[in-house]
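Below are the structure tokens for one structure; questions will follow.
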Amino acid sequence: MDRAEPRGRAGGVRETIRCWIWWTGKYSLWHATRRNKSLGSTRLAGRSLQRRLEIIESCVVLFFSLVGMLAEQFLADGPKLQLYNFAEKHWEDLMNWQHATMYLFFGLAATVSLVLHTTEAAPLALDRLMLAVAFFNEGFLFLYHLHGRSMLDVHMHQLLLYAVFGQAIVAFLEVFHRGNIILELLRCTLTILQGSWFWEIGFVLYPPSGAEWDLKDHSNMMFVTMCYSWHLAFAMLVVSVLYCTVSCVVRSRLKRTPPMEMGLLKSRERDAESEDDVL
Amino acid sequence: MDRAEPRGRAGGVRETIRCWIWWTGKYSLWHATRRNKSLGSTRLAGRSLQRRLEIIESCVVLFFSLVGMLAEQFLADGPKLQLYNFAEKHWEDLMNWQHATMYLFFGLAATVSLVLHTTEAAPLALDRLMLAVAFFNEGFLFLYHLHGRSMLDVHMHQLLLYAVFGQAIVAFLEVFHRGNIILELLRCTLTILQGSWFWEIGFVLYPPSGAEWDLKDHSNMMFVTMCYSWHLAFAMLVVSVLYCTVSCVVRSRLKRTPPMEMGLLKSRERDAESEDDVL
Amino acid sequence: MDRAEPRGRAGGVRETIRCWIWWTGKYSLWHATRRNKSLGSTRLAGRSLQRRLEIIESCVVLFFSLVGMLAEQFLADGPKLQLYNFAEKHWEDLMNWQHATMYLFFGLAATVSLVLHTTEAAPLALDRLMLAVAFFNEGFLFLYHLHGRSMLDVHMHQLLLYAVFGQAIVAFLEVFHRGNIILELLRCTLTILQGSWFWEIGFVLYPPSGAEWDLKDHSNMMFVTMCYSWHLAFAMLVVSVLYCTVSCVVRSRLKRTPPMEMGLLKSRERDAESEDDVL
Amino acid sequence: MDRAEPRGRAGGVRETIRCWIWWTGKYSLWHATRRNKSLGSTRLAGRSLQRRLEIIESCVVLFFSLVGMLAEQFLADGPKLQLYNFAEKHWEDLMNWQHATMYLFFGLAATVSLVLHTTEAAPLALDRLMLAVAFFNEGFLFLYHLHGRSMLDVHMHQLLLYAVFGQAIVAFLEVFHRGNIILELLRCTLTILQGSWFWEIGFVLYPPSGAEWDLKDHSNMMFVTMCYSWHLAFAMLVVSVLYCTVSCVVRSRLKRTPPMEMGLLKSRERDAESEDDVL
């Protein structure tokens, strides 16, 4: 733990940026599927387009998790695939290994999702289970990550766990309630919350202004807790603004379509949806 | 925390009264929807009236949460929107900010409910999710609110959390089982429990008679635990009396309606209900 | 707590016996409904008989909980409805008051069940919710009951909580999955477990042989944990033997009925069951 | 606890090997039912074959749990059915008794499964409930097994509990979602995880190389946590490779069947499946 402290600052910021990337990827996926669902009744997005988007998204996530793993291993202070230093008898850069393990699980989830949407080898719900496992694994590693840190540091990472385990639970519920828009919106909200909270952790623990926070002051801890609520409110705001924008755009487009054709399209869409359920 | 102690007494009573108002609002909502559901078979309450009641209720909640937020900020000892006191280097009235945050989330829930019932932009179940988030946020802030208080104070607030998290869980279950009367009655009971327990907290921690309770006596703690059970029994009693009264009134009215018309009304009601499920 | 110690032994045994009675009542209810469900296809038990049995059972439970409350209050060392001793400034017999509160909730559950099965004023699932609340309340009071006791005493009561909260959860699940035989058998098993574990607690803490157990020895604690597993296995055995006996008896009776009539009966039974679901 | 230490090393390895056997049994069951489900559309595996396989598997599990119980009791250092040593006033080999109790519950689950599949006396879902109870009991005994051990030892056993309670929860969910392949794959994964983690515990606590691990070093604990994630990834890999192999083999066989006959087989399979649901 001690060895990780000196390069902690860079690590925190790095984490933040990477998570932000991941979140953007995830979020645009959400945007895309959202649009798909609604636009299903127009000719803009059928089942095949939706699948293509899912495949592209899986590839992007897979690519970023590979990059993440390689970066954790081979950048400046990485362990370079060496796990145990037999000379000095200690584990080599456990932090980096843990981050790489987190990426590994998101990479696995993306691989499974890729296989599912290209070959239909297994029920689609498996991708949500893999996502749940990846989030659970992330939370699990963070949970045992906190030994010996200062009070505020521990507290902020514990708050992060609410978002991470929340995502895991929602993803697991989606195994049984696939396509439930409430759960999907909730998962997006929690993903944004996780991303913005990573940024906040970086901001508090390694303040850019240079004025250090007192990590043992209880009123700081209370402020941070409240701040977490504000991040949640902010995340809900972002998701709802985006959701409203997309559904308004879709509606205005639908109004321009002749009414008779809409009926046909609707039944076509229903087929696509039931197909989605069966697969 | 220390700074909050002197004005704690007023705060506790204020909290109580506000929660009581909130509870009354919520409870009459329940009353109204209950009546709606049952009276659906008479001409007194159709789907449009139900919607109008939901809109009115959302407005009332929104109004009270705005008032609550403003009161917390601008009344006598409020922070007046100042978050950090740079001169004295401490956070300004964190308690008030936390209470304002709680109101904010109930305000958000009311806003979403208002939008849902006026525009039908999103699935109706979203209002229960927002309610669940608002209750969860309330419990979450209370949970990290308790540092450094005396044993009995902490214990009474922890008991409160049972009701608050219970409400959050029940509201979340209602996302999937909307219109389940068992869950709705349970939520009402927990809301009354929360309200009456707020009053009890005020009564114990700032006794009107002036005779202070020993906040470190274990037998006081045991009594308070049992007292919580009694509040729960009382809340169940209130809910069941009201439920019985309403259903008796409805039944007696239905008896006066000619039987043939009732069949027609029943099928109309079924339409309304299925409409409710679809939306 | 200290005052409760001298009369603890009698109290423990009394508790055990009362719980045993409650368990027997509950268990024969199970037996009866089990038989009802299975015998539904014979002429022995129709819907009306089932309802009559439920009403009788509710009355019995109500009677015993009234007796229990009165006994706790007015027997030799009871508080006689006096809650606070103003002369000596302490709470009067909190233990008895807590036990009376537990009985109160079971009495409430029985009252609600009685009202539901006689008047059909509310959905039937409410009786399971009340049962869940009663069990939850029991576990809740036990949870805050344990301060200042010796290690083994605390441990044995904590083990009891597994059974009590298990019953609460199963009863709550039955609100949504009413009539699921797996859940009903599980609830019976946990009820027997609770009853036999009460007896075990009495046996260990107030041994009839007079040879006191060392309440601080860790190997005693490990033995007690394992013993809990054995009680669970025993409870499962009792439930399965009874279940098999009843279903064998029912089958042998059914074989004696002429086959043609059976078809008629089967459809009649299906009606009864769907009626059960609707109500 | 002290007495168990000297023979702990052998016990740990023994546990590992036994669990491995159990896991292999369980896993081949999974393999078989998996194949059954998929091959249902060929002539290789109908409902009767599936039942026969379940019966065989139950017998194997029953046999191994009997062997396990006898081995724990009568091998070299077993208690030979003596529970309490009255001469020296201590419990006899509580560890062995606890392991025997774990086997007992798996034996009970196998017995119930055997009875269910031969006589159809009760709903099939009962076998999953018994499995859930057996896993819960295993986790429960491990939970109170850890007093007074060194930090790393406790931590590794706590990690094991994630897998064990995970299995219990998944098996309980299967009571309501029987035949859900996602849950079945998850349960298999957790079973392999448990098996390989048992091996890892043996490897770390009783290292074959002789170089002892420092059981109080925090970085060892962090490595072990990460290692648990790798075991999970490994288990997921094994399950997915096997799943893919089986489904590829089945597909290649199906391609060789003439298309017309397939239609007939499909409807036959659907019958079998609905039969499975009813029973």
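All chains are identified by letter, namely A, B, C and D, in their written order; residue positions are counted from 1 within each chain.
Keep this in mind: a contact is a pair of C-beta atoms (placed from the backbone, for glycine too) under 8 Å apart; a residue touches a chain by one contact, two chains touch by 3 or more.
Just so it is clear, the model here is predicted, and its values are computed rather than measured.
Novice: Which chains are shared contacts of subunit A and subunit D?
Specialist: none
Novice: Starting at subunit A, what is the smallest number of hops through touching chains needed to reach subunit C?
Specialist: The least step count works out to 2.
Novice: Give a one-word verdict, same or different, on whether subunit A and subunit B use largely identical residue numbers at their interface, taking over half shared as same.
Specialist: Answer different: the two copies use largely distinct residue numbers here.
Novice: Any idea how many Å lie between the Cα centroids of subunit B and subunit D?
Specialist: 45
Novice: How many angstrom lie between the CA centroids of subunit B and subunit C, rounded to a whole number?
Specialist: 32
Novice: Chain touch graph shape: choose line, ring, star, complete or other and state it.
Specialist: Its topology is that of a ring.
Novice: Any two chains that touch count here, so list every such pair.
Specialist: A-B, A-D, B-C, C-D
Novice: Could you pull out which subunit A residues touch subunit D in their complex?
Specialist: Per the touch definition, subunit A meets subunit D at residues 1, 90-91, 94, 97-98, 101, 104-105, 108, 112, 121-123, 125-126, 129, 133, 137, 140-141, 144-145, 147-148, 175-176.
Novice: Which residues of subunit C touch subunit D in the complex?
Specialist: So the residues of subunit C in touch with subunit D come to 162, 177, 181-182, 185-186, 218-223, 225-226, 228-230, 232-233, 236, 240, 243-244, 247.
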